[in-house]
């Protein structure tokens, strides 16, 4: 079953701003920006919608490529871009509101940066006994 | 003259915020000059769990993204997997999902209405909203076994069926609930003190709402008619409804949208109960997902996207949840500028923030 | 008046009764208030003596402060509230009562200020706005009493020949209006409220813990007794039963209003109080000349 | 603005008239439905220690040991999702609608030890 | 009488000597000496004339009167010269008018012809003397310390300290002259001297704004001067010349007295900075703080209300009095309201001064015995408390280099002594059981009996105003008390002379509260009784006891601090449970985006409602309207009587 | 009996729960469950609270917050952990950002299991906590006596 057509257009980093601008001019709203870690690259999806037409721009970038911010075009994009930075460690240039890594402050930096582990390791049981301390640390 | 600013650390622990976010409020007299929100207190990182839990069991995680909009999260997730795998879900399951979705919406909206009333200091209204909400929760618990975490959706259908007798009873009880809600709505719409607190507060223009990415009631309260139910998932194509849209753009309008949607949901439940076909409630799902899909569902707070990508293994490669609250934060930042101190909780609540969802 | 007047027995009894009874009576009034409120919300509510339990509990707790000076101010608040009441029930000059009441409140506000906390600070500022909003009406009420009875002394006022409300209806209504502010009831509970949920956490009271908060609550009981006594003055001994009934009724109305409204913003509170004072209070005063 | 409306009054009067909606728990029994998920119970006699329940548990709350013939559940982890119940091939797990009592210390683990295997099984 | 003349002349001569002394210890000691002598002189006067009632003295005028005329002309010429130099032609014209009026009066009517008592003293003068003598000289002593630091901090201001001290003492001398003169012509001379001195003192810093504000003050005061001269002219032209003596004038035909009182009262309005003339006082805040203290607490403005209160009996129960009362009441309300929106400490003090003077004027306008009683109490309490406040603010300014209230956060920790004195001063300004509140209470008592329905309207105004007063004072007090972190107090909070003056004034404020019944019985009531021929005590004993009891409680309360210091757990402020840290006097919390933010706190100002400009305009317009009505009244009713 | 058991005021903090337990805590305040029957008030301010209800597990950012709240509660006080997440991290135990249950950070007095914990269970938990409160109060008294 398919509920709706979902168009995905592959584009390059260089043409990103231009393409996004076209979308904006055509009256699309920004739905989301989301990344996926694939083998040795990141896939970034920019999703747009207009009148229930759901379209995506997809940029695939290498590990150390920095992305331009689209916050000049879509003011609200900062939230996704900060997220992209905090979780994936992808640098984003020119964000209008930059949280400096404090949007999601995680215990390990950029938790999604590494490719998924191939084997699934079960967490050893009986771990809670040793970790448990009673009493505040202060 | 030196500054006349007062800097208030608002949250993460704060009685009007049921959930932790924080704002650095800079105020002068009672006027808010600057309000910078920050989140991250609820971030668990559950998206990463797809790499550890197989795709069928992950639904238990998905529904625990949030205890308020739990059911629709599981629905969104399952729908995504089903789409990738091309599973045809039985009609009856579609209807049941729709019914529970709408219950979920009612419970979420009533919860919100209560909290909203509370943010305005209207305790009685808060209590009454939550009292009505208990009726909805009862129906949920009776049919699914859980008050807030229902756990009744699964890949390929639903887990529990509802008997015909029960359905009939439900359609009667929903009428009563609807009547109660309508009575309460009257207060939200017409009470002078409520209007004082909501009308003209937190204005967002239609254009802004659209371009900043507002969704759900936040957008619909500004006249932007986005309702993902119209894309036609579950049994929605067969039901008769129009998105509730208000054009005021202020807290009052957003409140109005939600209040009206509760009634609309009751209506949709009644329709679904009338039309529900018989038959199976699930299909056996075999194999592993391969491919990707953006599964879009309309949550109480608006469009929610579960992006799923599988590579033929038991474990998905990526699940990304873009929740309505997250995308409603930029509009919130806009709305807060220049409001009054007393308006802050009202405006923050008006996007119905669900931080559990937003941060996953 | 001579020195003996002060030492008169009746006022002394009044003072003693006030000091001993008002916490109890106030506590029960608040308890009933909470039960009625709960019932209005479809709940059962706490036991009648709950407000007193709360206060006792607060005195059981650890004494946690930001600076010791906080407690000094709050202690001052309590003491001056008691003095206010003693003056009031002791039958002395009502203007002095009003000023002593203001003094008590100023002590409370300074206590909040001295904690240096943002929430208490804003709460204190708001409390000040409230003080500014209600002060004119109270003074005008006192002057109204004087105009009718020719005396500022509560003793003379209460024993006036006919119920004052007959000639001071406007002032009465105006006073009831600002009573909502004084009792910290919705819609005017802007500086702190009995309910938890507040944009200011607990506003004024945010930084008071344990016995400090206990003293604040205790003083509030005293204050309630004074305010209700003030209302009773409009009836006085000329119509004591009606007076008591009306006092009870007014309190019920306050509970009802508390339940039926959301909290308004400071601007509306402030302006409406002043306008009500002008329209009802001042006009009533002027009208006294016409009749 | 201008006029003051007490739209809440009707509701308030109704509430006063109809009395509180409160369930006087603990003086009255808790609300429970047949379907309510309270906690997981095991009929250890039927268990074959296949470990399917453990594998399907999203919270890793179950530990099964074939050798010791034990089935252990960590109540602090269990999210009462029913997954194990559905997974069990012998239908020996069930969800009771009675919720668990709060406790003073953790962790709370319930260990069930199965009966000595019957001799005939041994023979096979 | 010798002591009176001594008090008038001694500061004058001391001032002249100071003109010649260079900066340094010698001059400072001399200032101290002169101050102490003036102070003792005034106290001696108190001792000498205490309980003696009104005393009148005859001075041989043949020698003095021409001198006075010459002095008046000299002042006039000086003003005209200055204003021509700075191209303030309007002032020049007005000053010329005034000079012409006075010279004409002198030459044509020869008022000196009528021999009367030129000097006098009664309880009211005595009270004023003590205020001027004690507070004035304390301020001068304070100034020795203050001006030194001032000149160090303001390098761009030319050091004209000899002139400064000369003017200060000249001022005192003139003030004494004002309160002792029975001859209105004399009074007028001293009056003009205060105008001139204030002008020069305000312009002390010599920069553009100082000159501007100085001239503005001069202009408004000259307007008053013209009215004063007009009044003198009127008295001479329309009545027997003996009315030029205050005691005669007050008892002469109501018509004459009323018209004269209106003119001179009008002059009083300008001098006491009532609306619409209040702006000069606010502008005068550019002057060094001792000047502000001197001008606004014990002298200058007090001269204004002094004459109005003197004429109070004339105002009793007539519409002209009511008009004055309304000007006062409106001033009280408006100035208090404006004070809310100010964060400059001196401006708050300035507006509160204006407001309190408004209350005095309102009482005087009502003119009943009770009202006059309240007015005099107000003058006393205001003088001590306000000078205390000015001086403390000055010291804080010297330490913190800021007059802004927002910079005084937590002052109680940094400068405990000065801050405590400030708190006492503020409590004195608005809190029961301290001074001003007693007076407010008294004034309400007085107003209820005023001509209906005006009395009620006045009360309404006072009621609103008193709410406002509580607001702006308390928020300031709160700011001072707002300690966010533990801090070590400064080693020296102020220079020795400053500290001495401040502590003395603090003690005086408390003392005044404690002994005010005494003051009332022995001085104020005898005065009002003679004027109104009554005997009833105004302050009932029971109320006094209550107030004293409250004062004692307030004084004893701090003892409880010892109890509260025990067994406490100290915890930081509630910061939404966020990470917070204390470093020095900073309290910070973890803000959005990971930066530590300072938890700043500030008061509310409500520019939107209580904005200076808006309210000033309203105040000025409404009072101008009343003044127009006032003169309409005078020209409408009074001439009939006068002619008859 | 100590009055503290008659008037336990609560503060509630959502550590990193999914809101499930969170809203159930709030539901306890509302008409159906109405814990004000026991004199309980939701204060929202640690300085006034006696009972600390935590839902959800500990994560990187809320660690200082929880500690801060706990520290700012005057003694005697108790901590009640509610829901699987607060007890052990629950279903999110393995997430990278979850450090585990609340007892890793502050001493917990009562554990309320469930996912989500039922309002009845929460009430039970608070009632149980009262006993501990009383004991702590006694201990405090003794200490003060010495």
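Just so it is clear, A, B, C, D, E and F label the chains in written order, and each chain counts residues from 1 on its own.
What we mean here is this: contacts are C-beta pairs under 8 Å (C-beta built on N, C-alpha and C of every residue); 3 or more make two chains touch, one makes a residue touch a chain.
If you're wondering where the values come from, they're calculated on a predicted model, not measured in any experiment.
Between chain A and chain E, the least number of touch steps comes to 1. Both chain E and chain F are touched by A, B, C.
Centroid analysis (C-alpha atoms only) places D farthest from chain E.
By the count of C-beta pairs in contact, the leading chain pair is C-E. Centre-to-centre separation of chain D and chain E, using mean CA positions: 79 Å. Chain centres here are Cα means. That of chain A falls 22 Å from that of chain B.
Rounded to whole angstrom units, the spacing between the C-alpha centres of chain C and chain F is 35.
Contact with two or more other chains is made by residues 567, 569, 571-572, 574-575, 577-578, 580, 592-593, 599, 601, 603-604 of chain E. Contact of a single residue of chain D with at least two other chains is seen at positions 6-8, 12, 15, 20-22, 24, 31, 58, 60, 79, 81, 106-107.
For chain B, residues touching at least two other chains, in rising order: 6-9, 12-16, 30, 38, 40, 43, 45, 48, 52, 60-61, 64, 124-128, 131, 134, 146, 149, 191, 193, 196.
Note for the complex: chain D touches chain F at residues 20-26, 30-31, 38-39, 58-60, 74-81, 99-108. Every residue of chain A that touches chain B in the complex is listed here, in rising order: 1-4, 6, 24, 29-32, 34-38, 45, 47, 49, 52, 54, 56, 74-80, 83, 97, 99, 102-106, 111-112, 116-117, 120. Put simply, chain F touches chain B in their complex at residues 11, 13-24, 26-27, 30-32, 42-46, 56-57, 59-62, 65, 69, 90-92, 94-98, 115-116, 118. The residues of chain F lying in touch with chain E in their complex are 13, 45-47, 64-65, 68-69, 71-72, 74, 144. Residues of chain A that touch chain E in their complex: 98-102, 105.
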